[in-house]
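In what follows, chain A forms one complex with chain B and a second complex with chain C.
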Partner chain A sequence: MTDSTHTGGDVRLSGISKSYGSFTAVHPLDLTVPQGSFFALLGASGCGKTTTLRMIAGLEEPTTGTVFLGDRDVTDLPPYKRPVNTVFQSYALFPHLNIYENIAFGLRRRGITSVKKQVGEMLDLVQLGDKASHKPHQLSGGQQQRVAVARALINHPQVLLLDEPLGALDLKLRRRMQLELKRIQTEVGITFVHVTHDQEEAMTMADTVAVMNGGRVEQLGAPADLYENPRTTFVANFLGTSNLIEAEVVEAASDVVVTAGGGTLRLPANRCSAPTTTGGRLLVGVRPEKITLAHADDAGAIAGGRNRVTGRIVDTSFIGVSTQYVVDSPAGAALQVYEQNIERDSRLAPGAEVVLHWNPAHTFGLDAAQSVLAGTVGDAGLDEAEDAA
Partner chain B sequence: MRRLRKNLVVIAGLLTLAYMLLPNVVVMLFSFNRPAGRFNYSWREFSTDAWRDPCGVADLCGSLALSLQIAAWATLGATALGTMIAFALARYRFRARGAINSLIFLPMAMPEVVMAASLLTLFLNMGVQLGFWTILIAHIMFCLSFVVTAVKARVMSMDPRLEEAARDLYAGPVQTFLRVTLPIAAPGIAAGALLAFALSFDDFIITNFNAGSTVTFPMFVWGSAQRGTPVQINVIGTAMFVIAVLVVVAGQVAAGRRKRTDVS
Partner chain C sequence: MTLTDTTPAPPAARTRSARKRLVPYWLLLPGVLWLLVFFALPMVYQASTSVQTGTLEQGFRVTWHVATYWEALAEYWPQFVRSLVYAGTATFLCLLLGYPLAYLIAFRAGRWRNLLLVLVVAPFFTSFLIRTLAWKTILADGGALVGALDALHVLDVTNWLGWTQGDRVLATPMAVVCGLTYNFLPFMILPLYTSLERIDGRLHEAAKDLYASPATTFRKVTFPLSMPGVVSGTLLTFIPASGDYVNAELLGSTDTKMVGNVIQSQFLRVLDYPTAAALSFILMAVVLLMVTVYIRRAGTEDLV
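Showing the complex of A and B:
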């Protein structure tokens, strides 16, 4: 298609926002999605990610701001004039057309009459060649999802928009379709913008993830970067699990030293997203899998230079590859620890006195003014985060 | 005994079907009768006279043509208006939407004879000449509610994302309506149109009040029943029944064939 040969295929949102009456769904937002990348908008429901996607598609008119595709301002173009296609949450396949005609729909509307070869190629790409004459309702959820992808991709859009495309599938199928979509994206090289509330899905598939909360982008980056260096409590809790300990800064040099619950912890200053001043507050975070658990009797064997927290196991759960421990300590209640089940220490049972220790380089520091619960599963946490925003 | 119990549902079904179809069978049978007097109420002997000369009774075919004509125009008018009303009610939020939603049901709930009388009062007060046009206006009016109800149910159950998907796939507003909205709403519209045709074709009460000197087929049957019933009435009745059955069968066969090609 000639549409895809425009110079520069970046999607650029500039100061874009959307309000419904007094409710602001998306606060003014600047975002650039580089051409050819797999970009994920991640957030809980109601965070504005789908609205943002619909503004790129043209299905929603932005209250303020501009949408650029490459160098072209498409803000005022209706959806049928934008070189952008969408895979809808419920697939929205046309029930009165068979699979072949569903896939050919976009080509036919642009006046292309010889569609046979292209439709055939698309059916092969999504491995549904034998289903061409079926109606959508005769297909399984996963097959319908693939038809929806083919129907959009056949138009060679500059950008493919995916609105929770895997939400209706069961877990196993979802995992398979994630890999399938990633394969297709690599194969066709089109920019994908993917909206999801599933953090694992975003991290497996996307090159870049933008975490949205309360109509704003909280943090944007590569999945590993977001996971290792969260800059807000929302990101720390929404992407995986974090232990957040409230602490007081005692020394702010290239290493920041803090006290919490009577113990001392260190972390590199460049892993603090909040300004650190001596005597100030800081939220110190560490991921559960970075922590090693030692029985209190073995405390002497722990190497020097590691952060240590003493506590008592209150709960353990065995989940095959690992065991999850919940530890109460003076520094914080209900700290999570994940231990690989390599050599299981039978003394590590509820009630046991233990030492949690980890490499200071795996510690991150966050602004203590935020809610510790933001982004956690409970609604209270999300609500608080929205109030703060 | 065991066999009887096993087929109880089938037997009950067949009996109900017979109950529903028996009047039609009688009509059909008596269309081949040669009655002794003016009334075609008792069987005398088999004859195909009436079938060979269906228009042999004065004014019968004229009234039939008029009824078909009115039914066709009433169907067209009520379906076009009703479809638009249904889309408006299902798709848009506007002032008095709730009130209109309930008012639409009123003509269906109101006793026909009341509506007929009030319509006549209205026409007389406005000084309108009774005839073809007053009948047509009345028929469109009472068919409207049925069309709106049938189409609205269909439009309400339609996923609005289908139209968004069409727009996303390069279909402009007109193409979206013609290629997606209309085909998906079509079964509802067709059901509404069929209902409208049937209701208009055999309406007697409202028509009788507002026809003036014009005579439709139901009025002709009623009028002739006072003086004697020509066999031709049974012929027309049978023909209508057979045509309706053929249309239904054709529809079923077409649907069945479509389904088979889908699977192959």
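Showing the complex of A and C:
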């Protein structure tokens, strides 16, 4: 860790870990959050994401490892000496102070007496100018949330940490606050590290997402990259939905050919995150919206070169913009298909024989040694993690 | 009430709803009766006593002799002032001793919390009188404690301040204040604990995150938020302490008489009932006034 070239305001975690007795909340972790980026730590509760955030804030002491802000080692600095501020999940606004004093708190603690102009600007930024003399309990959840952001941002921290700040808001308000936070981040240019369990929130807001599971980072990347190229079953299932089919490799060249349930599927070798050897096993994945559904009678009209799986519809549900189908096939049970509601084929009802087909380039391959269910709702691994939390 | 006026409710339903409306009053009844018989009526009786004149032999009659109040105040104002000073000092000491303990129990005690709370209340298992008498032994002349205080020259300081006399602690103001402090300490600790315990620990983290050192966090967040406990603790200590007479009786001397002692002796020894009643009312009025001003100044309405 002697490399100090242009790391001005990066957050760097080096070999950082946290254990409570025999329970390890965060396994040794290396992570760099580039200056000015919007970074999300995504995972189910108990995955260690909040602990990681709290170690950056100084509210939790790491068991091992070092926290760098830029080139400065802040591992041993108490939270009140770190140029880092947090937006807490519960907002933690001071109930005995009005909104103005809540926002001015950090400035006053640093001995700044003329806070009026800055507090005014902050109140404008979060559009709460008329609430300055209110007490926190007189404000709605969304307004409190904005005060919490203003209270942290006014200090111009090097890094703003957000601990599930939108968790307590209802869905509509949450969507609005996501845009709002994104706007603020672009405006002030401060590094944001955002902890969330909501994959949609992470993907819409962040430039980079780190998916955490069981105290480890499973995969890190841009949202689209994570979604299109998941490297573990956990990521494939936790970010959106994936159809995972267990298959056997029959040919491993630039295109990998596999068999599953009597049919043959192809995928590009560079989309396999696991080594492929002929005769070996592979989990083949495809996202539900990449699949086109055709009635078995029209099977002849399907273009050549596409991956095909035959099956029978067992369930359909109409969502509005799309219809979701559940299809059982020899290759795998309960395959999900999302079809846009452009021209609805009335023959596609439960019981109908269908052919699922998709572009082989949309197929990804995962290591078959993992649990197919990792990252799905009700997955045993997740429950265990929650118990531990 | 969702009943509509066009269809009258069946009689059974109407009586049931009427009975339902009466329930709160039934629940209030025992308490109200109690207060009426044991508080309101005695107050009226005592008010009337305070404006009576006469002697025990000839009997007392209401003559609206209000001058009793002025006379009582003129004669016994030193005991009044002493009561307020002793009670005030004891309250301050209780706060000084009780706050750290309540803080420790609320935030640091972990699994020892309940045990510590039991220990705070444990002295109540022994009678008030016996505990106060025990202080006589603790502060006994030539005892270990007094000897130690003397050796450490603490007594020189307290003598100079007028709290103790010579090499004695017993029968001095200090003994009375010590007794008061000891006896009312739990009444300070429990409300303090309750209000400290209610403070969201995340507020401490938020303060630390916003550049407040532990000391500043206490000054700007913890203490202001514990004000309801400070207010109720000081009231629960100050009010009974200012009317107390047991500590001054058992641990003090004639020079440390409090207004409670005066009232007690007027009622039971001198048998001057009007003066005793007037003194009680003056004490009540003074305490009520002080409490009102105090609560106004403390401004804790927002924190409840």
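Remarks
Just so we're on the same page, the second predicted complex is superposed on the first by the 373 of 389 C-alpha atoms of A that agree within 3 Å, B and C clash if a C-alpha of one lies under 4 Å from a C-alpha of the other, contacts with A are read in each partner's own complex, and residues count from 1 in each chain.
Convention: a residue touches a chain if its C-beta (ideal position, glycine included) is under 8 Å from a C-beta of that chain, and two chains touch if they have at least 3 such contacts.
These numbers were taken from a predicted model, which means no experiment stands behind them.
Taken together in the superposed arrangement on chain A, chain B and chain C clash.
By the touch criterion stated above, A:N155 is placed in contact with chain B and with chain C alike.
When both complexes are overlaid on chain A, the residue A:R281 reaches neither chain B nor chain C.
In the superposed model, A:R308 makes contact with neither chain B nor chain C. Within the superposed three-chain model, A:S133 lies in touch with chain B and out of touch with chain C [touch as defined at top]. Once chain A of one complex is fitted onto chain A of the other, the partner contacts of A:T86 extend to both chain B and chain C. In the superposition on chain A, A:G106 makes contact with both chain B and chain C. Superposed model on chain A: among 1-9, 19-27, 145-153 or 253-261, the stretch of chain C in collision with chain B is 253-261, the rest showing no clash. In the superposition on chain A, the residues of chain A contacted by chain B and by chain C overlap at 57-59, 78-81, 84-86, 88, 90, 92-96, 105-106, 109-110, 135, 151-152, 155. Against chain C, in their complex, chain A makes its touches with residues 57-59, 78-81, 84-86, 88, 90, 92-96, 105-106, 109-110, 135, 151-152, 155.
If you check the complex, the residues on chain B that touch chain A are 159, 161-162, 164-172, 175-176, 179-180, 183-184, 261-264. Contact residues on chain A toward chain B in their complex (touch as defined above): 57-59, 78-81, 84-86, 88-90, 92-96, 98, 105-106, 109-110, 133-135, 138, 151-152, 155. Chain C meets chain A in the complex at residues 200, 202-203, 205-213, 216, 220-221, 224-225, 227, 302-303.
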